[in-house]
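Below is one structure, written out as structure tokens; comments come after it.
For clarity, chains are labelled A, B, C, D and E in written order, and residue numbers in each chain start from 1.
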Amino acid sequence: MLSEELTQIPAISALAESYGAAILEGGLSRGEAALYVDPVRIIEICRFLKDEQGFSRLSGVTAVDWHPVEPRFEVVYLLQSLPAGQGGPPQTARLRLKCRLHGEAPEIDSVYGVWRGADWYEREVFDLFGIRFREHPNLTRILLPEGWQGHPLRRDYPKHGHKYDYGEET
Amino acid sequence: MADDTEISSPAATLVAEPGPETAGRRTMILNMGPQHPSTHGVLRIVLELDGETIVKARPDIGFLHTGIEKECEAKFYQQVVPLTDRVDYLANLSNNLCYCLAVEKLLGIEVPRAAQWMRVMLTELTRINSHLVWLGTHALDIGAMTVFFYCFRERETICKLFEKFSGQRMMTSYFRIGGLALEPPRGWQQAAGGFLKHFPANVDEYEDLLDKNPIWLRRTQRVGQVPLERMLDLGVTGPMIRAAGISWDIRKSEPYSGYDEFDFEVPTRTENDVWARYRVRMEELRQSWRIATQALEGMPGGPWMAAAPKVVLPDREKMKTQMEALIYHFKIVTEGFRVPAGDVYQCIESPRGELGYYVVSDGTSKPHRVFMRTPSFGNLQVLPAMLEGRLIADSIASLGSVDFVLGDVDR
Amino acid sequence: MPPLPQTVPLSWYLLLSAILFGLGVAGFLFRKNIITVFMSIELMLNAVNLSFIAFSYQFRQVDGHIFAFFVMVVAAAEAAVGLGIILTVFKNRATLQIDEISTLKN
Amino acid sequence: MNFYILTLIKAGLVAFVLLTTAAYLVWIERKLLAHIQLRLGPQRVGPHGLLQPLADLVKLVTKEGLIPQQVNKIYFLLAPFAAVMLALISISVIPFGPEVEIFGQRTWLQLTDLKIGVLFVLAISSIGVYGVALGGWASNNKYALLGGLRSSAQMISYELPLALAIAAPLLLSNTLSFRELVETQSGFLGGVLGNWNLWYQPVSFLVFLISAFAETNRVPFDLPEAENELVAGFHTEYSSLGFAAFFTAEYANIITACAVGTHIWLGGWQPIIAPHLGGIWVPSLVFAFFGIMSLFHATQPARRWDKYTFPVLGLAALGLAALFAIPLLQPVLVPLFWFAAKTGALIFLFIWIRGTLPRFRYDQLMRFAWTFLFPVALVNLLVTGLVVALQP
Amino acid sequence: MDVILFLIFAFIAVASAVSLVLQRHPISSALSLIGVMGALAVLYLLLGAEFMAAAQLIVYAGAIMVLFVFVIMLLNAGRERPSAASRLVRWLGIPLFTLFIGVMAYFIQTFFPKTLDVSFGGFTQGAGLEIGRQLFTRYLLPFEVTSLLILIAIIGAIVLARKEI
């Protein structure tokens, strides 16, 4: 089910070997590898990628909202490995993990335990998309004020805000 | 002396009730920011102090959140460029560049070599600009006032240079999807060359003031250290991680915009303290100067815009003579251009570290989602690890060494 | 009202010293704050110093000055140690009220 | 009664001159710093911003004096008053020149001479900390409190090396009166150079200078008001006159410290060069040179205003040069010139350092005082004492 | 002139001392004490004790009291709470105090007849020279012993200031 080019990447083939069932879909477009994985097993996969495959860095965590479509949310993990190059700068490899989540009370496990750097990114996603990260140590709003209503980066959140919705643009 | 006013109030308490985390120790909560001279904008840090030692530091961000990512969803692709300026207002061209590269990748457009080189030259000037502001404010934080003015003297030249190119000193928006917004102005070589000619001497001047200054050394050496593993774990990038000994620079490891054609080095240090970050950035000033000089001297000829009529606005001249050009112009301006569906993550080395734009297209003329992986946001997470157990004065030096821009953090 | 004398009788100085000393005693006895009690002691020492210096004037010798000087030195040493003790006590008991620090046991 | 009138006139004169100097010191500092930093500094108010202090004064006085809700009002208002008062008191024992005859009255260019003048200045400066500490505490603001605490600890610590540093040259001069101190430094080494304590006591002079920086809260020891850490330190909550008072106090303290340094180490109003080598003409020459330079620059004005200001300045300087050349006035003016020149040089050093050095960290500052300055001053004092004792 | 100066500063001293006893806030008490010390320094000057006056300001007002103020600020010592017993003490206290002063005044008047006058400038040896000479000759042993005392005090203060006790 993974394409030929994808399995040539060692990290992905190793992942497919160990967690084949959890990889739902994969693609390589414009030279960038992206995998859709089972949200339930995200921690295991991340830990595997970090510990065994050298993806020591998490560049960021974000989400995409495909509003009318279900499953609505896509949580995107931007991973990067930093193995030392031969006498030069590190050769980096990048990998995108995506998890699809349903719009009703979206929830996923936090990868804070794998990369500490996920802390603020997950809080940001929670703040702007309303996706809950289980086991996150401090899942509170980070950019918006505590009492803010709604999650602005959702597609159904009006672009002009609630107060100034003139109904022309959506 | 009548003593009717109540003097003791919680605000003046150095010795507060023992908190749960610090059982037995008496601490004071100090609210540093959002208005504080050394938080470089509107960062708020809640410090728990034991005397002048920081027991706990909790950064609080979001005071400058303007919802740029949301705004992008309402704009045509080319209209997003001016928004990216406002993200990191000290490295606006880096943001322009990163966004343009991402969309160009989605579109599959090849940018002409001349435009690439010009982009490289200007982004390196941006890096110099940003590092100068950093050095000036950082030195001012530690109390060296004069360095600030010296740095801003050169920054002024760069700003004037930018104004020459784009008509704007800070919010240049000079790069466009497919190339440059305007043709470079007449006499730009002399203007840029004049600046680059004197710049190395200026860097020496800054170093004269700081490098051997015992007070500066005492204030920066062995201050703000964080274990390397912790830094990697937290996703720290840029000069911060290079000062910790990892020679990772995206310009080298994942070259973009023709950086592989330039000869430069990635300065690293191993001390991983404020001093090392200072040294790394000073070296980067020199390397940026090298790149910019190379770009200026070897600037190839040729067009400044990609040959992609559906994306790039046509020449003024052509517009007046060719019907087709006029139609394209009309269509691009009124309804934008369509971008094939898909997603890309493009990252570049901004002055602060890894700057990445994750652009998702649904096939329409407006981006479905633009996620900005900004370096300051990632780097700022290191603050608690850096500040806790240190003195207030060290916190100032450490904060400065992170070199964050609040616009970049809050977006 | 009798006219003011041209010079100050020495006894006035001594009386002033006595008044200050008495006030110091009063502060020592009345006040509850340990720091204020300590300051009252300093006031008494000052009063004594005044007497010393007045006597020194009377005998036209500097010995009184030297005694006052020693008193000052002792007061400085006492302040250093005493305030150290107060800091420690406050750290352990979180109070400066002297009647609340009545037991040696915590 | 003549004595009282004369003293009153002198007190008024000294207070006026000191306050004006303090105000103009701000202007001088801004100008100097600006030129160190390749700027022009104040330019708008008056030619070369010369009326800037006046404008500042008007601004500060007419500004609303804000008293925040949470402060302790009495001490909040008392603190700047105490600071400026203590700063002005200590100048009263500092002489500006020798005994002179003005309108047939022989008088000292000094308010009063205490036999223990040096101790008096030390005493007042040691009390000076209350203004800062009290202001920081009464503001009821955490930054201000930290600033106040820092400054009290800092000033107690630096008081010690300061006193020890002053003690060493006192051993040489064997007096505590400023007047006699300067007189013991009269005469010329080898008939050429002023016989100053500086040549015998360079170490103590350095220790004194460093401690004076700390005592007056100047860079690199300006931690009590370190704006980058503590916003504005102890005067965070002060505005209008309260702020102006603290400011004036700071500058008056600098002047006092520099004057003390001048008297103890630099020979007070004694000339640098012996009179027979033309020492008496030095002021005239300096002013004449300055005037000619100004006139020369007026021929090539860099700015529009310079066409008018430089000739005025040049003529004024030439006039001063002529004034200093009048033999009748020389006994009064030349000592004054030397005193002002030496004090001014020290003040220039203060400003120069501010333009150059970063700030210490708090613990480094304390460690510097206790582990370096204090032992150095102590050893210097011991050595001096030994030498003085062993001399026949 | 002497009398006027004496009366002014004696009044300041007594008023400050009364304020010290009656103020409820330690900072006010401390400042009152500084007032007492300042007034006493002037009185010392009148008595010809110039050195002691300066020392009074430097050591007492400039060092010891700064320490007091520092500690009060550090601990943010609040206003004192009057305790139950104090009212009784106050009723008894004022008569006792008056009695004490009265007895003292009686003794002073008895032992020191009015002929002993103090005039400014009547005693000129207090300017440091004589004090130094006496201190390092006749009182050398006590002087050295006090230095030992100070050493002990320093050690004691350091031990007390250490965190864990």
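The definition used in the following text is that a residue touches a chain if its C-beta (ideal position, glycine included) is under 8 Å from a C-beta of that chain, and two chains touch if they have at least 3 such contacts.
Here the structure is a predicted model, which means the values were calculated and not measured.
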Remotest chain, subunit C as reference, centres from CA atoms: A
Most heavily contacting chain pair (counted by C-beta pairs in contact): C-E
Centre-of-Cα separation between subunit D and subunit B, whole angstrom: 44
Distance from the mean Cα position of subunit E to that of subunit A, given in whole angstrom: 73
Separation of mean Cα positions, subunit C and subunit B [Å, integer]: 63
Subunit A and subunit B, separation of their C-alpha mean positions in angstrom: 24
Junction residues of subunit B - those touching two or more other chains: 1, 3, 7, 12, 14-15
Shared interface positions of subunit A, touching two or more other chains: none
Per-residue multi-chain contacts in subunit E, two or more chains: 27, 31, 51, 55, 63, 67, 73-75, 77
Complex contact set, residues of subunit B against subunit D: 1-3, 5, 7, 9, 11-12, 14, 28, 30, 36-38, 52, 139-146, 148-150, 153, 209-210, 213, 215-216, 218-219, 391-394, 396
Residues of subunit C touching subunit E in the complex: 4-16, 18-20, 22-27, 29-33, 35-36, 38-40, 42-43, 46, 49-50, 53-54, 56-58, 60, 62-63, 65-66, 68-70, 72-81, 83-88, 90-92, 96-97, 99
Subunit E - residues contacting subunit D, complex: 27, 31, 34, 41, 50-51, 53-55, 57-58, 61-63, 66-67, 69-70, 73-74, 127-128
List of subunit A residues in touch with subunit B within their complex: 29-30, 32, 34, 56-60, 62, 64-66, 76, 78, 82, 85, 88-92, 94, 96, 115-117, 119-120, 124, 128, 141-145, 152-153, 155, 157, 159, 169
Residues of subunit D defined as touching subunit E within the complex: 75, 114-116, 119-120, 122-124, 126-127, 129-130, 133-134, 136-137, 145, 148-149, 152-153, 155-156, 159, 163, 176
